[in-house]
Amino acid sequence: MTTQPSKQLDTFPNPAPERDYTIRMRIPEFTCLCPKTGQPDFATFHLEYVPDQACVELKSLKLYMWSFRDEGHFHEKVTNDILQDLLKATNPRFMRLTGVFNVRGGIDTSIIAEYRDPAWTPPTPVQLP
Amino acid sequence: MTTQPSKQLDTFPNPAPERDYTIRMRIPEFTCLCPKTGQPDFATFHLEYVPDQACVELKSLKLYMWSFRDEGHFHEKVTNDILQDLLKATNPRFMRLTGVFNVRGGIDTSIIAEYRDPAWTPPTPVQLP
Amino acid sequence: MTTQPSKQLDTFPNPAPERDYTIRMRIPEFTCLCPKTGQPDFATFHLEYVPDQACVELKSLKLYMWSFRDEGHFHEKVTNDILQDLLKATNPRFMRLTGVFNVRGGIDTSIIAEYRDPAWTPPTPVQLP
Amino acid sequence: MTTQPSKQLDTFPNPAPERDYTIRMRIPEFTCLCPKTGQPDFATFHLEYVPDQACVELKSLKLYMWSFRDEGHFHEKVTNDILQDLLKATNPRFMRLTGVFNVRGGIDTSIIAEYRDPAWTPPTPVQLP
Amino acid sequence: MTTQPSKQLDTFPNPAPERDYTIRMRIPEFTCLCPKTGQPDFATFHLEYVPDQACVELKSLKLYMWSFRDEGHFHEKVTNDILQDLLKATNPRFMRLTGVFNVRGGIDTSIIAEYRDPAWTPPTPVQLP
Amino acid sequence: MTTQPSKQLDTFPNPAPERDYTIRMRIPEFTCLCPKTGQPDFATFHLEYVPDQACVELKSLKLYMWSFRDEGHFHEKVTNDILQDLLKATNPRFMRLTGVFNVRGGIDTSIIAEYRDPAWTPPTPVQLP
Amino acid sequence: MTTQPSKQLDTFPNPAPERDYTIRMRIPEFTCLCPKTGQPDFATFHLEYVPDQACVELKSLKLYMWSFRDEGHFHEKVTNDILQDLLKATNPRFMRLTGVFNVRGGIDTSIIAEYRDPAWTPPTPVQLP
Amino acid sequence: MTTQPSKQLDTFPNPAPERDYTIRMRIPEFTCLCPKTGQPDFATFHLEYVPDQACVELKSLKLYMWSFRDEGHFHEKVTNDILQDLLKATNPRFMRLTGVFNVRGGIDTSIIAEYRDPAWTPPTPVQLP
Amino acid sequence: MTTQPSKQLDTFPNPAPERDYTIRMRIPEFTCLCPKTGQPDFATFHLEYVPDQACVELKSLKLYMWSFRDEGHFHEKVTNDILQDLLKATNPRFMRLTGVFNVRGGIDTSIIAEYRDPAWTPPTPVQLP
Amino acid sequence: MTTQPSKQLDTFPNPAPERDYTIRMRIPEFTCLCPKTGQPDFATFHLEYVPDQACVELKSLKLYMWSFRDEGHFHEKVTNDILQDLLKATNPRFMRLTGVFNVRGGIDTSIIAEYRDPAWTPPTPVQLP
């Protein structure tokens, strides 16, 4: 099993495509470079999605996140690009990605992007007493 | 009374099938093996359900959870499989299972899966002052 | 005044049957026996109800709760049975009973059961600024 | 100015009857006697109301609350009785009274009673950003 | 620039009358006298409003609040009077004033009064993910 | 790269104009002068918006905020002016700006202003279990 | 293995008598009877000790605590009696027992008792940075 | 690199034997079996030590902790045994091991054991302002 | 001014060598590689010291921390090495460095190393009321 | 009374020189310029001292802090310089100044400097039960 950063997002078949369910992942170890200054940037990503036919594989997700380590990226674009890559790999019913970036220039930035399959209806929340 | 891990989920007749009520269980002592590396994984499960004719018996649930100790399982599949086994054993009106897994590869993962009997209508919440 | 455990739930006439109002009680000192092992179980009960013609008398409720001390009971059944006894004694407009049981076999259990008189409409909440 | 406990609730004309507004009072210094044992009981009352033509006067409310000090009262009745006295004195558009009683017999009790003038419509909440 | 207590509330033209926006002010340094005993009362006021053509000027608001220092006032009336003065000075689209008074006679009192221009519709809240 | 305060707000093309997403920024290092007394004022700004074709560039936003350092401004106007400049620069689908100003004259002030493109519909919130 | 309440405290040989070390136990499920009224009392015990030649066995401690369930005891005496029984069973270098009793008569009571072997010197605390 | 549970604790030369410094590790994923019932036990260990010539290697510590997964152990002994193994492997100047075990029989247990080289003097704490 | 990672730690003359004072720095953006697997590691460093003739310059400290980004390092060694470099650069009266590393293999690790000039006496703490 | 930034620190005679007492001030509105980049820096200062014959006058302290607004300063030096100016102006028995600077380059910095009159003995803290 190789352990190298990689842009390839592996998936595995959703083990329960017959139901809507939620997968939530907290990814606190993201770092890339500022495309203007070349200096390191740091962020925590929060991913939550309802899979359709495919789930993202944990280790490949880790290697994928690692692959940004030596690349220059703007906050807004990298968050949307990661979402786009995850959408292409998994084609989910719903996906939300939140990037919480460390302060730069005295300013804290968060980016929150969602995809919702037009054909998908979110489950009505059941609130038990 | 034998005390061995077991895949058998015992039930007992719901003592109050005439009403909808909620059973909530927190199960913090779950461990299985990573199917890729063979190393131990740890999770806390949260189960909540509205029983129909059967309730899951506490001790058998404990032995059932114990039965995963030496097995390899992916997070997404094992959560859905446990839900499926609990559904088969109890055939409830509603059931939600949440698996909160310990960090692996620097990533925290939670899986939340629900079943709702199509013929069942959730009770309208009563909010007293 | 005798002070003995008792299954009898005394009531007194609702002093204000002309209006819906809420009675909330927290009962942290419940103990019974496990019907399988004979060992003590412990729970905290939360009762809330809208009385109709009768209210449960505080001291008799305490003696009633005491009456389970030497009896064997399953969590699900005892919660529903106590609700049933309280319903029979007070015939309320609405009642909710929550049993929060101490951990057994590494598992925390809570049971939440409600009764709602079909002829009763909950008051529309008034939210003052 | 005499300072004696008194069942008389003085009022003064609502200075702004042209609008709905909220008056909230927290009254933590209530004590009466248990009608069964004669021992002291303690409670905190929370009053909130929308006045119509009259407001309850603060000092007379204090003396009124004091008047229960040597009287025996059940929790449910005294809460409804105080509400009734306040309704008779002020005839408000809306009133809610909550009595939070100290633990007795290992049981905490709260009583929450409301009055709403049938001809009155609560203001639609305005939620500013 | 004189610095004297004053009942005059100065305003300045709303710099953005073309949009609804919220102004919130916390005014913790209010004191007046009890009209019955002559003793000092203390309160914190919370003001929030949507201006129309005029905004209240901060320093004049401070001097206005100061002007109550040696006057006797009941809680309910002074809150409504201050609201009325602010309405007359600014003629806003919406205004809410909350007075949180220190405990007197063992009782905490809050008064919350609102004005809403009948011709004004509150903005629909936008909740971003 | 010059590093001078500047009223110019640079933008870059929205990297994902095909979807609605949220950008949130916390800007705690704002200071200007009181237009009446010439003394320093301090504030924290919170910006959140849904971009359309343009995003505000982080460094230019920092230099823009710096440009107020030696200018006199009223709280209400400067908040609306900054919003207006940001709207002109980015022409977003939705934007909310909150200014939290330090206490002056014993009074805390916050200003919250929003813009919503009339042709834009906010996304329906998706609440996953 | 019988499972009955028992006054017998089993011990096992201290597996590391060559060093001072601390054993801490939290025992929240204690109940006995009030010797005056016969009604149930509830407490949580905290035990901490430095064993010498013997350690108290967990299951026998549970059964021992259970043995008070049907006995009448005063708070002060039962705490000291339990300490005495534990001392007799284990003859430790140091032992501290704290009993935190539920409110009775509106009064919360805790009892804290210690034993220290006169020949024993407590270890000098090492505080690492 | 094999990945199997192992009782062997690898070490590496202390990279800074010329100074006293602290190594702290939190090890939340420990599980073994109850030697009486064969059922799983769970614990979190806290290790802190001042190394002398050797440090414990992280991965071997993980495999060592894993090695208890299928073994029966009492709380007191396993904590002292692990300390003993760590002492033998690293021969430190000071070491403290704390085992926090999940509740069993309604009782929480923690074991805290220390070793201090008689020839070693702890550093005097420096408290900076 | 170049902006490249660099092992050079610049200093400037301590502006107040006549007194003992404390400099505290929190450095949350440290990342290096695991020397065994080549995968990224993350840590937060806490530095506190009493300077003698030299202080570490902030920007050079940032570039120094950046210089570990592509290097393999063990936790214990890198913490002591950084301390050693800082000691060599600043030769302080006292210095403490704490490295808090992200969980690896289910284990959290912190390393705390200090240097104290033998000729230096820490100031006696003054605790004002 | 002029209102201009000023380096002059006015004092007034200590009204109680016969006793040691503490004066604490929180000064959150400090800003100066980075001497390297010319960009604004922000800090909160905490001052605590035991006056001898003189106390620092509040308004002059505010104008003094304002005087740094357009000056370039390093964190370590400006904190020690402010302490020095305060010492010269008030000649206290004890003084501690803490500067908490906003994050720069991903690093948080605090500087804590003290002066203690060699002839002064700090009061022994009195801890009331």
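A, B, C, D, E, F, G, H, I and J are the chain letters, set down in written order, and residue numbers restart from 1 in every chain.
Everything that follows uses one rule, which is that a residue touches a chain if its C-beta (ideal position, glycine included) is under 8 Å from a C-beta of that chain, and two chains touch if they have at least 3 such contacts.
In UniProt terms the chains read A, B, C, D, E, F, G, H, I, J = NADPH-dependent 7-cyano-7-deazaguanine reductase.
It should be emphasised that the depicted structure is a prediction, and the values quoted were computed from it without experimental measurement.
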**Item:** chain G and chain C - chains in contact with each
**Value:** D, H
**Any chain in contact with chain C as well as chain I** = A, B, G, H
**Message:** Which of B-F, I-J or F-J has the same interface as C-G, meaning more than half of the contact pairs match by residue number?
**Reply:** F-J
**Asked** How many Å are there between the centre of chain A and the centre of chain I, using C-alpha atoms for each centre?
**Response** 33
**Request:** Please work out the Cα centroid separation of chain A and chain E, and write it as a whole number of Å.
**Result:** 47
**Asked** At what distance in angstrom does the C-alpha mean of chain J lie from that of chain C?
**Response** 61
**Prompt:** For chain C, which residues are shared contacts with two or more other chains?
**Reply:** 22, 28-29, 42, 96, 102, 106, 112, 114, 123, 126, 128-129
**Item:** Chain pairs in mutual contact under the definition given at the outset
**Value:** A-B, A-C, A-E, A-F, A-I, A-J, B-C, B-D, B-F, B-H, B-I, C-D, C-E, C-G, C-H, D-E, D-F, D-G, E-F, F-J, G-H, G-I, H-I, H-J, I-J
**Complete:** Counting only contacts in the complex, chain F reaches chain D at residues 96, 112, 114
**Prompt:** In the complex formed with chain B, which residues of chain C make contact?
**Reply:** 22, 36, 48, 50, 74-77, 79-81, 83-84, 94, 96, 104-116, 122-123, 125-126
**Request:** Over in the complex, which chain C residues touch chain D? Could you list them?
**Result:** 1, 12, 14-16, 19-29, 51, 55, 58-59, 61-62, 123, 126-129
**Fill in**
Within the complex, chain J is touched by chain A residues 42, 102-103, 106
**Message:** Going by the contact rule set out above, which residues of chain D touch chain F in the complex?
**Reply:** 128-129
